[in-house]
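In what comes next, chain A is part of two complexes: it sits with chain B in the first one and with chain C in the second one.
Moving on to the complex of A and B:
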């Protein structure tokens, strides 16, 4: 139980200016930008070192106080909202970039380092290198993003989710023990999770329910000099998987995205496939574009689909990473909010996912933006069903909540799995999960968090 | 609070773009940089004001600290992703402060700041008779019918560094035979930071008093020492009927460079700190740089965060006088000095008396006096004239 004594002891661990139980601060940390209900923390703490995180977890473990790690706080599905009160551990003071290994292509950063800061650091000091940026605003953290299996602009070309780009972790367990995972556990380098037994997965996709990530090793990739974009459009909803697969198989694109939105009006009904291409020379760029055009030639010659001339202002937005324009979606309803179900699913289900999204939003009387990012060489798609809402319209908020539930169910029905799902979505997944997996998750939780203090309420296996 | 502002509070998504400069290299909102809690970001402030209006939080000590930690630097305005709210962000915060003033829920430091100006005519509680002390021995004429009024303002009149800056600018103008006079002990506060702190009545009173004095004396052209004075006189005074041609002193100085002022060789490396009320508030980035670039031998190097992305010194929005942000390693002024040192510059050039004091204090706090100096632009020009 959290008491004044607990607060005093936390203030002995972390400088008191970074510990708060002021109602105004608790109000902000009790909610995120989505539609989930608020839950008040007892306090918010901003540690500055692994040792401080250890001490806090030791205290919390002894006194059975919930601890909710928080990165950028941008997940929208309430994963860093303290469902059972306790301590919100805002990690953003731990934002040092500890190492860039230029030759072995990895960075080691502290658990609160933002995507934006690492990007800026690389651009300034290692302009030939980059990491995969998610579509989230720059305040999103590297650790927070891998803890939810995030993806980004290199997920197609460089082989997967950001969690697959992790080369090692330092994690503080619920009892305060600190563990290093991957090559860094054995040698001074953070190059790989192999060849050791891969324990990193115990903390990826668990949304902070198994430990607090205090350091991350993350892969870096070459940053080509040139960047351009092609946009392929079709009104045929069933054509998208074919177009996407053909482009993927050319292995010339860096990032491939798909989008469908009723706004602006003149684009209503069109599927847009946004193909980002990078190159180190004009010749390479021209060749890559030619290869992509060639594989789609028989399709666009029918005039049923084709490449869209991209106006300069639109192109600037497409080339931006992260894209500021995505945050504008929150204002579609002039209400400062949007919520979405991300669903990881097979590429061939994209048309059905679109139909499901349109049907659900029509039924609930809300609007939408639908889309997907290709992950790996077509190994799956990160599909998103995004629903903007007006924060002051309680009726609309309720409709979006109901649409989310329907969308989670539809995603599972389509063979997809909701991504960074809110508690209700998690329970839907668990209900459908193989019993052996379910049981293993439960046992792992019991071993890693015997006191049940780590982000309780999430991924709870009864 | 005006309906226009209430109607946009909920439209903030709290996406956090407002915390950063355009390259995201570090936090660029002085309040968030210092406190780091989400509540101290511009988005947090928007959500809390809405919660306050809805009765979900009270305007207690923490609320007022959060509201008054905003230094009105407009980084959030520059960085916000939402076109329909971005331009109004700082206006909303100031409007909330106005309501707090009316309700008597402002921090004691802010109350004392208003009291000092109300009773003494300046935030230092010093006698008006000392206002012109900076000009002693310079043989500067009181304003009668000269071409320009040189308006010095509170910091230039009472702060040691501000006074040095005022002397330097005035001496250059004299050297260049600019026709100007000063109000001396007749000067009063310009009201800019009072308005930013939410005391609209007092700010309006100061504006009207200044306008009356300027009008009675037939003043048509005003050169200001401070970007804060420049801003309020140029953009707010006309709303009260005071229409003057207002110049920041750097504009006049630039026009003198290479003509009435012929700089000699000055072998030094300088980085220029953009003051928010000249830069983001009024879009003036190039004039001060043009002055520095006109000095032979001077190498101008840029901060990573410059112009629209400049990190504020932390002195705006009345914080210079109220010190709500207090002390600490993550104070914007100290971060700015560390950034300046990393450019390799020997001098940080400033063009605002508030920035001058804030950065000079930070230089000492950082212990970097051996490698870096904070100098005001006219002082650098003066050095070049004697070089």
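Moving on to the complex of A and C:
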């Protein structure tokens, strides 16, 4: 139970200016931009070191106080909202970039380092290197993003989710123990998770229910000099998987996205496949464009689909990483409300996912933006059903809430799995999960968090 | 609906078939050209319909001014030939459609019609445009670009309303009858396309070059000769008003710019490559861009001057990479005034 004594103890661990239980501060940490109900924490702490995190967890474990780790707080589905009160561990002060290994292509950063900080640091000091950026605001953290299996602008070309780009972790367990995972557990280098038993997965996709990530080793990639974009357009929903697969198979694109939105009106009803290409020379760029165009030649020659001319003012937007388009769309209803179901699903289900999204939003009378990012060489897609709403319009909030529930169910029916699902979505997933998996998850939780203090309410297995 | 003033008999009697024989993109001997041309004139299928790059040049090449290009567009639309993919065509129809948001406003001479391109308004400044009013946007847009999309019908449907909008909201209440057309496309619409389809234009369109030339004369003493070589990229829509082409030489003389000899200029001008790219003719587009830039470079040009925003968007990058400075004509003139 959280008491004044607890608060005093925390203030002894972390400088008191970084501990608060002021109502106006707690209010902010009780909610995110999505539709999930708010829950007040008892206090918010901003630790500055692994040692401070250890001390806080020891205290919380002893006193059975829930602890909710939080990165940028931008997850939208309430994963860092303290469902059962307790301590919100805001990691933003732990934002140091500890190492850049140019030759072995990895960075080691603290658990609160933001995407924007690492990107800016690399651009300034190592302009030939980059990491994969999610289409989240730059304040999103690297640790938070890998912990939810995020994806980004290198997910297609560099082989998958950001969690697959993790080379090692430092994690504080619920009892305060620190563990190092990956090569850094044995040698001073953070180059990979292999060849050791891979324990990193115990902390990825668990929504902070198994430990607090305090350091991350993340892969870096070359940053080519040139960047351009091709946009393929069709009215035929069923054509999208074919176009996407052909482009993926050329292995020439850096990032491939799909979009379908009723706004702006001139794009209503049209699918757009946005193909980002990078190169180190004009010749390489021209060749890559030619290869991509050639594989779609028989399609565009029918004139039923084709590459859209992209004037310079429009191109600037397509070349941004992170993409601002979705952030702009997020406020289309004004009032600062936005949430989406991001379902990881097979590429061939994109057309049906579109139909489901349009049907659900029509039924609930709300607007939408649908889209997908290709993950890996076509191994799956992160399909998003994004619904903006006006937070002050209670009726609209309720409609979006119901639409999100329907969308979670539709995603599972389509063979997809809701990504970073809110609690209700997690329960839907658990309901249809293999019982053996479910049981193993429970046992792992019991080992790693015997007191049940880590982000309770999430991945709750009875 | 408005009908094209087109005399098929005149075409059928034509023996030189200049519209095809002089075309830089369709390669046929005279017999084949005559055969395909005559089929086109009779309203039958013709390979010309799919080969046409919609560069407008045959409007200039036809010795009888019988509107061969407008006829091609009519036939493309009638026979369902889509030069540009259908979803792009449909999207553009919506994107460029009138928003119905025009409001009356008092305008002062000179009134500059920026067409759809408010983005180019930065060029309307300085001594040459003192006191000018600009008008622009979807509600006064000439819509002539739909010639590239085989959609004369869209122009027919929208243009009368656009003309009425210009008159009702701007020119009539201010007692002005002259409209300076920033883009050749608008000027070509009002002086060529509209008369060809019997649409009345109640104001006097003035080509930007005509305006610039006379405005430069007014401030002649302020001109500091540029003493640079400038290659001119003639846009497709200038083919509808070849009588204005001399103003390029006249302006260059006033501002002290040299116009080095290019292979691809005057009636031999080449398309910038932008429309072929939209038509998914990528190799042709790249070839045209390369030829234009190499030709400019070979002429010794230091600057490349444009009057069409779309040509500028297409070629500005390649021109700059080749070491020349891309610039719009209005900006080039302002440079000569130190502005």
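The criterion applied here is as follows: the second predicted complex is superposed on the first by the 461 of 462 C-alpha atoms of A that agree within 3 Å, B and C clash if a C-alpha of one lies under 4 Å from a C-alpha of the other, contacts with A are read in each partner's own complex, and residues count from 1 in each chain.
The definition used in the following text is that a residue touches a chain if its C-beta (ideal position, glycine included) is under 8 Å from a C-beta of that chain, and two chains touch if they have at least 3 such contacts.
Everything quoted here is computed from the prediction, not taken from an experiment.
Student: Clash or fit: chain B against chain C, after overlaying the two structures on chain A?
Tutor: Here chain B and chain C can both sit on chain A without a clash.
Student: Which partner chains sit in contact with A:266 here, chain B, chain C, both or neither? Use first/second/both/neither.
Tutor: second
Student: For the overlaid structures, how many degrees, to the nearest 10, lie between chain B and chain C at the C-alpha centre of chain A?
Tutor: 70
Student: Check the residue A:191 against both partner chains and state whether it touches chain B (first), chain C (second), both, or neither.
Tutor: In the superposed model, A:191 contacts neither chain B nor chain C.
Student: Identify the partner contact of A:308: answer first if only chain B is touched, second if only chain C is, both if each is, neither if none is.
Tutor: A:308 contacts chain C only, not chain B.
Student: So in the superposed three-chain picture, is A:290 touching just chain B, just chain C, both, or none of them (first/second/both/neither)?
Tutor: The second partner, chain C, only.
Student: Tell me which of chain B and chain C touches more residues of chain A.
Tutor: Partner with more touched residues of chain A: B.
Student: Touching A:137, do we find chain B (first), chain C (second), both, or neither?
Tutor: Once the two structures are laid over each other on A, A:137 reaches chain B alone.
Student: Just to confirm the geometry: in the superposition, how small does the C-alpha gap between chain B and chain C get, in angstrom?
Tutor: Comparing every C-alpha of chain B with every C-alpha of chain C, the smallest gap is 18 Å.
Student: Output the chain A positions appearing in both contact lists, the one against chain B and the one against chain C.
Tutor: On chain A, no residue contacts both chain B in one structure and chain C in the other.
Student: Note which residues of chain A are touching chain C in the complex, please.
Tutor: 233-235, 264-268, 270, 282, 286, 289-290, 293, 300-301, 303-309, 311-313
Student: Quick check on the complex: what are the chain B residues that touch chain A?
Tutor: Per the stated touch rule, the residues are 10-17, 19-20, 23-26, 35-39, 44, 47-48, 51, 56-58, 60, 62-63, 66, 81-85, 304, 328.
Student: If you look only at chain C, which of its residues touch chain A in the complex?
Tutor: Listed in rising order, the residues of chain C that touch chain A are 82, 84-88, 90-92, 94-95, 119, 274, 277-278, 280, 282, 286, 313, 316-317, 321.
Student: Sort out for me which residues of chain A touch chain B in the complex.
Tutor: 17-18, 20, 22-25, 27-29, 33, 44, 46, 72-74, 90, 92-93, 114-117, 119-121, 123-124, 137-139, 324-325, 327-328, 330-331, 334-338, 390-392
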